[in-house]
Every structure is written in C-alpha cells, then in structure tokens.
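Each of the next two complexes has subunit A plus one other chain: subunit B in the first, subunit C in the second.
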Partner chain A sequence: MKKTHSIKLPAKLSAKGEHEPAHQAIWSGTISFSLVAIPVHLVRAVEPGRISFRMLHTHDNSPLLRRMVCPEEEKIIPPEEIVRGFETAQGRYILITDEELESVTPERSRTIEIIEFVDMEEIDPVYYDHPYYLIPSKGGEKSYTLLAEVMNRTSKAGLAKFILGEQEYLVAVKSAEGVLSMITLHYSDEVLGDDDISNETTKTDNEEKNRIKKLIRENTVEYDPDKYADERSGKILDLLRKKARTKGYVKAPEIEMEEEGEGPGDLVALLRKSMGKVKKADD
Partner chain B sequence: MTKNFIEIQGQRLSLTNLEKILYPAYGFTKAHILDYYRKVAKHIIPHLKDRALTLKRYPDGTDKEYFYEKRCPSHRPAWVKTTDVIQDDGGRRTFCVVNDLESLIWVENLASLELHVPLAKAYSPNTPDSVVFDLDPGDHADILHCARVALILRDLLGELGLSSYVKTSGQKGLHVLIPLNNSETTFQDTKQFSKSTAEVMQTNYPDLVTAKQSKELRKGKVFINWSQNDAKKTMICVYSLRAREKPFVSFPLAWKELEDAERDRDRTKLHILYSDALERVEKAGDLFAEVLGKKQRLPHLKKSSTAETQRTQTE
Partner chain C sequence: MAGKTIWKGHIRFGEFDLPVKLHTAVKEERIQFHLLHARDRVRLKQQMVCAVERLSVPPEEQTRGFEAGEGKYILMDPEELEQIEPEESRIIEIREFVRSSQLDPLFLERVYYLEPDAPSKGYNSLAAALMETKMAGICTWTMRRRSYVGALMISRKVLRLTVLRYADEVIHAKSLGLGKIPLSEKELKIGSDLINQLTATFEPQKFQNEHQKKLQNLIDKKARGEKIAILRPRRLRPTPSGKLLQVLEASLKKAA
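Then we have the complex of A and B:
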C-alpha cells in the first residue's frame, strides 16, 4: 500500500479546519463471507487535495452564506416553504416528500456481505468510484490476515452490496500486500458506453502501427505516483505562503449568533445591580 | 441474535441481545439498562413527553462507536409516536416521541443509552419551557468549580426573583435550569437573557467563569454555555444514563447538596450512579417536577412595557 502524493495546506494556512484526521473510521461493522465474519472499520483511502476558498464580502470580509432565493418573489425562502420536485419536462415537476424518500431509503446495515468473487482484471476501471481501506477491529486481526492473504494469492475481488449513508453501493473488496481495500463501483446504467467512439471501419497502416508501438515501448517506465504532483495546487500554496508573509491576514468580524453587543440596556443594568448584591453577600 | 418477547400495555415487543455487555468496564448489560429505564420510567417520561427525541446509540457498548439518531427508525412499531421537524434545508425529519413505557423500552432496546431532548415541546418548537445554563468545566477545572458557579448563579437569579434548579450532566458538568412554562417567551429571549447573564458572571468572576467557547479561554474555568438556548439544540434529558465507564445518570440535586459538596470539597457526591439514582427517586420522587410545572417570567420581559415607556421619557 503506497500513499500517493498528497497536497495538504499547512495548518496555519488552512482556510478551515475541516479536514478529518486521516484514518478516522467512517463506518464499522463486519465483512462476511460464507461462515466467516470479520469485524472491521472503514476509512477513506484518498482525500482530495483541492484547495478551497471561502467567499467573503468585500466590505468587511464577512464569510457569505448560501440561501435559497425565489426569483419570482426575490426573497429568501424559509425551510418550511421548500419542497423537493423532480423535473419531468420543462416546468413540470413531481413532488416528493421526505417520508416518501425515506420509505425507499435502505436501512442502515452493519455488514459487507461478499456474494461472489470475480477476477479483479475483469472490472473495467471506468466502474471504479471511491476507494476505502478496511481495517481489522479488535478481535478480527487473525481472520482478517487470513482473508487478505488468500485473496491476494488468487487475485480475486469479492463483490458485495453495502449501505453507507442511505445509499446502496455495489463494492469490490480486494487485497494488496496484506491490506483489504474496498472500492465502490458504479452501477452499469451509470456508465456511458463507448460504442459511438470506436471506429473499426477506418483502415490502419501496419507500418504506422509499428512505429507507435516502438514509441510506446521506448517511453515505458514503472509507474511512480510520487513523480507527479498537482502543479496548480502547488502554485496556489506558494502564492498563499507569500501573501501570508507579505500582506498578512484580513480578519472577519466575529459573528456572535444573532445579536451583537450587550443585549438590552435594562436587562444588563438589572443583572449588574443584582450581581452587586450577590457579591456583597458573598464577602 | 437472542430474542425475548414481553408485553407492555398490550403491546408485544421483542427484546434482543439482553445479555450483551454495553458498559464493558462495569459489566452492565442491555438487560440492566432496560431494567434501569423501566424503573425510572415514571420519572423520566414526563420530561421526555411530547419532545422530538434524539437517540444516542451505542450498539456495541460505550467504548465502541456510537451515533446520534435523529430520524426515528422506519422499522418502528406503529404505536411509537413521532413528530415531524422542519430542517434547515427545508426538509422534514421524523423524530421519535416517547410518551409511554412501551415506547421507552422500544428505544432502549436500540441501545439508546443516552436520550437527548430539545428545550421546547414538538408542538411549540419555538417556545422553550426553560432557560438552561450548561456549566462545562475547561481543562484543570472540575465539577466543584461548576458547583461554585451554579451557587452564585442561583443567588443572582434569586435576586431577580427567579427560582432555579440544578442537575448533574452525568459527565463533568452541571445544568442550571429556570422553568418558564409560559407561551410568550421565545428562544431569542432566553438566549439573550442567558448570554447577558453569562457575561455579567464573567465580568465579576473573571478567574472562575468564561462566557466564550474557546478551549484556550476555558482553561481552569467554567464555561457557561448559554448557546444551548436554541431551538436546534438538544440537552441530555434528566434521568438519562450517560455513556461513560460506569452507568452515571444526569440527575437532579437539591441546592443543599451542592452547598455541602462545595464546602466539603467532595466531588464524589456530584456523580450519581444508576443505583443511587433509583434509590433517590424512590425516596424523594422527581426533584425536577417544578421544572415542568413552575410558571415564571424573565424579569426584563415582565417589565418590558414599563421599561419602554421609561426609555421614551428619558430620551
């Protein structure tokens, strides 16, 4: 298991402390196959290193909020006046309530049950969605190692159905160097076909083919993910560091819930007066 | 999975994994938990009644992963009451409501060790029944510091003509509540009142109190968390268990007990175990009954009309 190059904002430059610590479990349960059930937890295998910005008001650098606005009435719409609609044709919607949506939401599940095994090579990478690592929970280490080893030797991947955050996923569980990982797969109807793209009628010249083959051979190396880095992110980071050094920071006004300041004068006066009496009694 | 069937009020319930140990350091099983809630039901149900309940579930025990379940599970029996709450994104969410023993046992069978409730009832979500001061000790401060703050707070509120009540959080802190039980006070009022009170406390006891959340500022002090006075927030319900190494309870205390504990520097009296809790309610009944019944008004709102006229006169 090799960690690919990741670009992380240094804590001091980070806009928000929003990144979850690496290897924080996002799910725990068991992975089961036939009669074996291994307690495991799931952690993210990748964390996109994209640098994000907050949008601020130019006047005072207050962070801005997103609000639902009705273009018809030109006003912010409160939550209780909002409903979901599925657009069937321009301007035509089917309304769906939360209850209806919930009634088709799968129950939380605590198992990843492997139904069958396939050769990993058979799964076209176009089906790959999100990768995760499976880590043995307490008491599961031994059977985990066993499953990981066996699966590695056979280079098979286990297919399973898995529910995470109200969504049902098809996943492939695979093993590499003693670590089980899991990748969510796209369903076949999500994958767009490539039939329109390939063009078998066009004739190709053999000599031309050989020339390209040779070129590929000459440029073939071993894949080293560390060799590549997101250059734009690197440049943005450099820019941020430079600006932090030269220009420093701007401060957003502190937002104290709804009301700023002391509260109504008579309340504060009343509290101060009573406080004075309490303190005197205290002495 | 082992199953046991019981019948309460004519409702048949299947209880699962009764022998499963959910407080591993204490050997406390799900059967113990169900038994605790069954015995305390008479006292806790009035405090849960008609409130959108948040379940904090520990399916594999207090040392394992937990999750907050706000949405009432759709596999609930038909007789479990629910209420719909409108969310920030405009959606509605269905919460469980526990108004009877059978519903309480059903939610506990889900290993909902902790029961959290909002300060308002489901049918009047913007009208808090009480003001709460959540006293939370920072690093190097403890529950005795909280006791001291609670006692000062009690005196201050007393000067304002307000009765207040105190319970342990079941963790490290204390909760001081002012019952209101009137339909006019809004969360905006209670938040403003609690914030101003916390700030006056901070000004007068700067070494003991902070009204700011910041971890750094809380060191050695008690944070008076006034921001709990919000329609969106929930608090641990009185008599609920807490998920700690031992089955401690969020439990009401008499002010005298707090005074004694502070005088004797005895923090052990401020951590109430489930067994003490059951023994005490058996003897003394619900010390928090007044929180549900006593009608009070915040002083600045009571006089708001006269204050208004005064202000216009002086300006």
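Then we have the complex of A and C:
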C-alpha cells in the first residue's frame, strides 16, 4: 500500500455517503494459522445499499465529494499534506507518523494470526461489530480454499488480532460458501453487562408461555432477508418513479473525476447496476 | 451495567403487547487522533465539497439525487423520503420467527438490551418461549425517522433486540467470484484435525486491547521528545501450494 493511502479513513466511515468500488482492497497481508500462511487482501462486506443517493449541490446539481478541508484556507487538502495528531491541550498536537504507528506492534500490522479456533455458535452476537471479506492474493488460492473448507466442515471460527491504521482489532474469521469473512469484535471491556436489567416480576406465566410457543410455531419461516430490503426499497422506488414522471430529471455539469479509487469506470458500473434494478422493478 | 436508555417502545405480536426500554450494550473508548494540515497543523474537517467548484458546500445548499443515468439525477428532498417511512409509532412489530442459528453474523449490526418498562409476566413468558424454542422474532420498527429490521433474541434471562443490516447492504459472498480449488481428502482431514487441536472455549476476556497502552506509550515518548525506533512490519512467507500438505503435517505435530 502506498504511503498516502494509509491515512485514508476506514471503510466503515467513508461508506456513509460516497460510492466506492466494492472490491477495492482496504488492506493486504497474510492470514496465518499454525505454520500455514496465506496471502490475502481485505475488502468491504457492507455497502450503502441498492438505492443510494448522491449528495448534490443545489446550485447546479453537481455531485458533492467528502473531503478533508482546512477551515482557515477553505481548501481541500490532498492526502500527502495530511498528518495525524494527538491533541494534548487545546490546539496543541503531538504528530504521529504512519511508520511510528506501525512500529507499535510490527508483528500484527501485516499479519492476521489466528490464535485459536472456537465453535462458531459460542460467540455471543453482542460482540460482532463490522464485517469484511478476505480474498486470496496470488499464490494463496489453495491454502485459502483449504482453510475455508475445513472451517466450514468443523463449524469453527478463528480468533485473531490485527492492526489496521490506529486501531487494534479482535476479529473472528469465519467461512461460508467457500469465502472467508472477517468480523471485527468488541473487546470484552467494551461490552456492557446486562445484570442490572431485571424484571421485578420473577414469576413466569406458564399458560402465556405456552400460548407464545404455539404462536412461534405457527409463524416460523425460513429467514429471507431480501423480503425486508425489498419492502423498503419498493417504497423508495415508487417515490422515485413518481418524481421522475412529475418533476423529470436534472442534469449535472460534466466534470472530470480525477480522484483515484473512484474513477469514472467504477462509478459508471455502480450506477448501471442501480439503474438496472430500477428498470427491472419498472417492468 | 447496561448502557443508557435510548428509546422506549412496545413489542407487539397480535394481541401480545410488551412495553420495553432499549439500552445500549456496547461502549467504546479508544485513543482518538485528529487529521491536521502538515504545513501549519490546522485541524482539518471532513466536509462535502462541490466536484466542480472544489469548495465546501454548506448543508442548506446540499440536496440528494438518485443517479438514473450518467450525470442524470432525480432530485429528492429528505422530507419526501421521510414521508414514506412508517410513522413513528413506538411499535416494534414481530413479523415472524426464524431459527436463531439461521441469522448470518454478517447481518448483525448492533445489540440493544431490553428492559421491561413495567413489571411484566409477559417479558418472562416471551423470554422463556424464545429460549425453549431457540427462535428469534424478526421485527420491524421505526426509530428516529428510520425503518429498522431486527431480531428479538434471548440471552440468559435478558431479551435483546439486534439491529439487522438490510440484505442489499451486505455484499454477497458469491459476487466475489472465488474459484474452487480441488483439495485431497488427506489435506482436508489433516486440516480439520489441526483446527480441532487448536480449538478453545470462547473467552473474550482473554483478549485485551494492549494496543491502547502501547499507543499511549508512544504518545508519551513523543511528548518527551524521545526518538522512536522504526520497526519494519513482520511479513510471513506464504505457504507454497506444493508444500501445503507437508506444512499441515508439521503444524499438526507441533500442536499435538
């Protein structure tokens, strides 16, 4: 990864407003278990959603970009002019370079070392934070497939720690459909207890419990997450169609997107994808 | 101790009604850095910038558009979008039930602990019913002008509402287009044995965030003007495909 890239905001933050190509590597390195080392890269697993809007300028409908700006000069500051600072007092900073940051834990910044495996179902869901996918890099395909396959066979998840930028993450690596995903976990001291949540009534009404169990049995389905996404997007699509009919379209001025990572190619592909979805829904 | 109450609502399923309070379940406090302009150390702000004028655009000059073709947009006011959301009603409606093991961890966004808003037998009955059936209730609700889908689950005696990501927000594993590589049964067998050897009980308290302390050390050293030794990140040599079986065997021997 080039130096200028490492200070980029994590995908979790930048996914909020702007379109980004889906399979762009956020990080590259090695995942290891025991003596086996597999070259991999990390890509996003979460995207803004099928119907996502772009922020536009009301004046001329030109797209807006999320950028780091100097409030005094009112200028966009390019990545190579940005440094990281820790505030010690109002307006006083200690600067920390990428190299210094990497030196804090050099053994973990390029390696996801699986320390142990656990039964997938033992992980309390309250620990799950943000998911990513791991993709094999050149030469790692076979050992990657092996790890994915045996984790699947044994229903295990691997626990590892690794450093990305300023943070150290505890992660669970899991396997589904031949693909490894990596979910960041909260640390145990960040998970709040639920001991103080009590119900003053300790009695359970068995009759009511059995009635609920009956209701549960009668209303059990196979989980279909698409249903709920379609419900929501259906309404937005209806509204969009209505708006297109009554108000029509606006045209943005032609611009040259020189930004790396969100070149016109990727952007167009994304838009085609969302357009295709609208057309399909229109049929 | 559970976090603060962030919202109150009613879990509803047919005739069943249960008033609950939602408590946050996670609190993160980590060392924060700011991004500065190298030249004058002015703290930078993330802002929306016009792609044409290259200038910051104030919120009142920002609008949303759905891109319906290259450079072609349908404009949409935030108020219009809000109108299609169901009215804020305080109802967390259980729509159906699924086996809790069916919920893919990739979809789980965050958890709220539920506390009964008044002493209630209903809370205990629902908790016990979910526990005994190993089911989760799929719920929909509107909170602060946004529609949510979530899973009502039970952990020990406390009901939890887990916010789920919408299906179109999670990238499908299939779309990554990874190919299948044939493996020998021997490789798979030794690989499985190795994983079983390395299996432990999930004890998250074993893993502390040591990095925070080290980061604080680094900051203190820099504050004292000490020089920081630059260490190269450790890089592992990838296991060659041809040697995979050999390395697996060696790993198994080491683990035994």
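Please note the rule applied: the second predicted complex is superposed on the first by the 147 of 283 C-alpha atoms of A that agree within 3 Å, B and C clash if a C-alpha of one lies under 4 Å from a C-alpha of the other, contacts with A are read in each partner's own complex, and residues count from 1 in each chain.
Keep in mind that, in the parts below, contacts are C-beta pairs under 8 Å (C-beta built on N, C-alpha and C of every residue); 3 or more make two chains touch, one makes a residue touch a chain.
Values in this document were obtained by computation on a predicted structure and should not be read as measured data.
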What is the contact status of A:251 with respect to subunit B (first) and subunit C (second): first, second, both, or neither?
second
With the two complexes superposed on chain A, say which partner A:58 touches: subunit B (first), subunit C (second), both, or neither.
second
Just to be sure I read the superposition right, which of the two partners does A:28 touch: subunit B = first, subunit C = second, or both, or neither?
first
So in the superposed three-chain picture, is A:98 touching just subunit B, just subunit C, both, or none of them (first/second/both/neither)?
first
A:68 in the overlay: touching subunit B, subunit C, both, or neither? Say first, second, both or neither.
both
The answer to whether subunit B or subunit C touches more of subunit A is C
For subunit A, which residues belong to both interfaces, subunit B and subunit C?
68, 77, 81-84, 99, 102-103, 105, 107, 110, 257, 268, 271, 274-275, 278
In the complex, go through subunit B and note every residue touching subunit A.
59-60, 64-65, 71, 73-75, 84, 86-94, 152, 155-156, 159-160, 188, 191-193, 195-197, 199-201, 204, 227, 299-300, 303, 307, 311
Residue ranges of subunit A in contact with subunit B within the complex:
25, 28, 41, 68, 77-84, 97-99, 102-103, 105, 107, 110, 257-259, 262-264, 266-268, 270-272, 274-275, 277-279, 281-282
